[in-house]
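What follows is a set of structures for review.
In the two complexes that follow, subunit A is the common piece, with subunit B as its partner first and subunit C second.
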Partner chain A sequence: MAVFADLDLRAGSDLKVLRGMVETAAHLGYSVVAINHVVDFKEKKQEIEKPVVVSELFTTLPIVQGKSRPIKILTRLTIIVTDPSHCNVLVACTHLDVDLVCITVTEKLPFYFKRPPVNVAIDRGLGFELVYSPAIKDSTMRRYTISNALNLMQICKGKNVIISSAAERPLEIRGPYDVANLGLLFGLSEVDAKAAVSTNCRAALLHGETRKTAFGIVSTVKKPRPSEGDDDSLPACKKAKCEG
Partner chain B sequence: METGPYYFVKNLPLYELITHEFINTFVKKGSCYALTYNTNIDEDNTVALLPNGKLILSLDKDTYEETGLQGRPSQYSGRKIMKFIVSIDLMDLSFIMDSKKYERISWSLKEKKPLKFDFLLAWHQTGTEESVMMSYFSKYQIQEQQPKVAVSTLRDLQCPVLQSGELRGEAEASCSAPELFDWLGAVFCGVDPNNEPNNFISTYCCPQPSTVVEKAYLCTVTGFIVAEKICILLEQLCHYFDEPKLAPWVTLSVQGFADSPVSWRESEHGFQKGGEHLYTFVIFNNLDYWLQMAVGANDDCPP
Partner chain C sequence: MVRFKHRYLLCELVSDDPRCRLTLDDRVLGCLVRDTIARVHGTFGAAACSIGFAVRYLNVYTGIVLLRCRKEFYQLVWSALPFITYLENKGHRYPCFFNTLHVGGTIRTCQKFLIQYNRRQLLILLQNCTDERERDTIQKSVTRSCFLEGSSGEELSDGGEEATETME
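This part shows the complex of A and B:
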């Protein structure tokens, strides 16, 4: 099985809060976290802020509880797309070069999921993301979260779903087994719910890595400058597995 | 009673466990046990060495593909196969002679994908040789540790009444085996077996019929304990009833490591939401006994 991952920790302006969140995640047993920068394209020519540099955040990464390895921190960019016609959102996502489609929970979805675009998305390796921290904060959001999640499950049958916190504070993160139990409420089976916190997150990360490669099989690595003259070794080719 | 030392080695490369020297010194001369420490069976790679000489590697997909060893997919893997089990028999004769199989495994663990783990090791030697584990692994950080023993006396404890012949219990006369199992769990966790039905934390009550015992003795041994020592412990418990005693029964409960890749007899062990696998002997004063075995969700039934 893959390690537990939380792919959505909201990056605020306060580095201390972010540090607290990563430490809480390591203490709860997550081996991989991703710091999420959200960009809303309301105005044109908006600058995308620079991602947080991990070395600025921690000099020594916190060790994951129960293991001897430190936690792995990644960065992620989320773009909010507001289309005038909502029905085209999913069709657009099946053509756009993205890894995850986030299902909003702040309102009842104005459109129904259609099976053909969802199947196309699954074949392309896209994941569908559900967030649970709004459900912790507010009871109306809780209702919307569960109803939107159940709608999604009816169509996609639990494939390629990931569950993450959109946590802005350390108290909003929950342990991986608790999140897997939450997945049961969303309509996933036991095995799928555990995969939503581990295997599917790994698949989404690999999908992101393969965007830099040719068909996910061959990638290039910059050859270090040889110190001596004759160095006729072949450039390193790294084999990366493409996960669907 | 001494439950034997066990050893903790940090960052031991896996190929050290397949060298001819290790096999001849430890595996063949007694029962050698090893288990990786601080690895979760449902997330990471886990390795165990069984006393019958089998080395079981429970690897995730990436590691399995990188080592190139032959194995089978795990039973508890889910929709996509993410976990593989590789079993290497160290006592196999063809493994010992410098065969292609040995060379392949050796190359894979030494050069292709050198794996390193923190190991818990224990060795029960047949014969009177001294333990040489400390000196064998002296170039790695090896520490000798003793299992921790915690003893407590429980006063005025409510105990269920049992009859050795009646496994299912008799109405008003004795409790059934599953009720005893629940009660034992409550005692081991320190739960008060006498709660009100409207208690918020626990509504557990001791099964009826029950008696109140003035003093009960609870001894907990924590560590990497070999099976031979548990057999000795069991025999000593049986000898407890050599002289007539007030106690009607004693129990010995053994809990396996939650992150072990195997449970009984090499059947695979998984961790769904909990990785429990345990067995309990209940020994009565007429030397009848009950044996209860329990497994978690991702396990085969015990033999």
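This part shows the complex of A and C:
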């Protein structure tokens, strides 16, 4: 069975809050979390902020409740696209090199999902992401979240959907079984809802990793560079030649 | 066999503020859950869930709550639990949330799960504790729990209470 993952923790400016969120996630049973940096492309040439370095956050990673391994922290970039001429959701599904398409819930969606681009996206391995923390905070948001989610379910039949919290504070995260139950409210079946928190998240992560590889088979790993003041740092072949 | 089948939801109250758990009361909690169900599922939800609904067990020190509801409507109750964001008692409002640990058909299965869960929590507390006195108390509770295998959960929750009291 795949492990539970929460792929959206909003990165604020406060590291302490972020640390609290990761500890809460570990306590609730999530094995993988991803810290999300959101970038809005309204102004041109905006700088992308540097992602949070995980080693700065924690010296020892908190251990996941119920398992003996420490939690795995990843980072993630989200780009908000509001200009319909620039980039459309349909275009994003079919051509852009992304892993997840996030469905905004702040307003009623101005366009309808069409089945052909969604099917192309599912074939490419894209995931559709639903967030649930606006639903917990506000009741109008709740209505929009559920209506957008049901709309999505009718088109994509519950495949490749992931549910995550766009949590900004540690008290906005919910446990994995509770989130799977929220999936039932969003129109997923029981099996799909549980997969939305575990298997589909893992699939999205693997999809992200395969972008670094050639057709998903070969991957290159950066070798750690030896320290500067080390005299024995001659490469092994040169060493052999000198001695031999 | 004709009997009413129930589902027991074992939940844990998670909060920043340590005083939040101490203000837990079964009537307050019952009203809170019923209000949330009415908010989320409307009149039908409130009516359907109120027939077999009860708070069966409440541990103020560890924040463990056992809720009972009818089997036909347990998903309505369960899906309303993530929407609880605060606990209000005597004018004080504490932000908190519920984490569902286990869903069982009988109190006995929930108790078995709770015993295992408390054992694991004691071990985690043992790792994180800083004081020698706390370490002694927790080690005593752990050895007692291993010794009394198969006995009732009250012994264990007492050990947990002692440990949490010394911690605070």
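Simple rule for what comes next: the second predicted complex is superposed on the first by the 214 of 244 C-alpha atoms of A that agree within 3 Å, B and C clash if a C-alpha of one lies under 4 Å from a C-alpha of the other, contacts with A are read in each partner's own complex, and residues count from 1 in each chain.
The rule we apply is simple: a contact is a pair of C-beta atoms (placed from the backbone, for glycine too) under 8 Å apart; a residue touches a chain by one contact, two chains touch by 3 or more.
Note that the structure is predicted; figures quoted are calculated from it, not measured.
In the superposition on chain A, contact is made by A:T24 with subunit C only, not with subunit B. Contact with neither subunit B nor subunit C is seen for A:R76 once the two complexes are overlaid on the shared chain. In the superposition on chain A, contact of A:Y177 is made with both subunit B and subunit C.
After overlaying the two complexes on the shared chain, residue contacts for A:R10 are found with neither subunit B nor subunit C. In the superposition on chain A, A:S198 makes contact with subunit B only, not with subunit C. Set against each other, subunit B and subunit C differ in how many residues of subunit A they touch, and the higher count belongs to C.
Legend: residue contacts after superposition of the two complexes on their common chain; A:L185 is shown touching subunit C, with no touch to subunit B. When both complexes are overlaid on chain A, the residue A:H207 reaches neither subunit B nor subunit C.
Of the two partner chains placed around the shared chain by superposition, subunit B and subunit C are both touched by A:G66. The interface of subunit A with subunit B overlaps its interface with subunit C at residues 66, 177, 181.
Residues 14-16, 39-40, 75, 78-79, 81-83, 85, 95-100, 103, 120, 124 of subunit C are the ones that touch subunit A when the two sit in their complex. Within the complex formed with subunit B, the residues of subunit A that make contact are 1-4, 31, 66-68, 159, 177, 180-181, 190-192, 194-195, 198-199, 241. On the side of subunit A, the complex with subunit C involves touching residues 24, 27-28, 63, 65-66, 132, 135-137, 139, 142, 170-175, 177-179, 181-182, 184-185. The part of subunit B that touches subunit A in the complex is made up of residues 38-40, 42-44, 60, 62, 65, 77-80, 82-83, 118, 272-273, 297.
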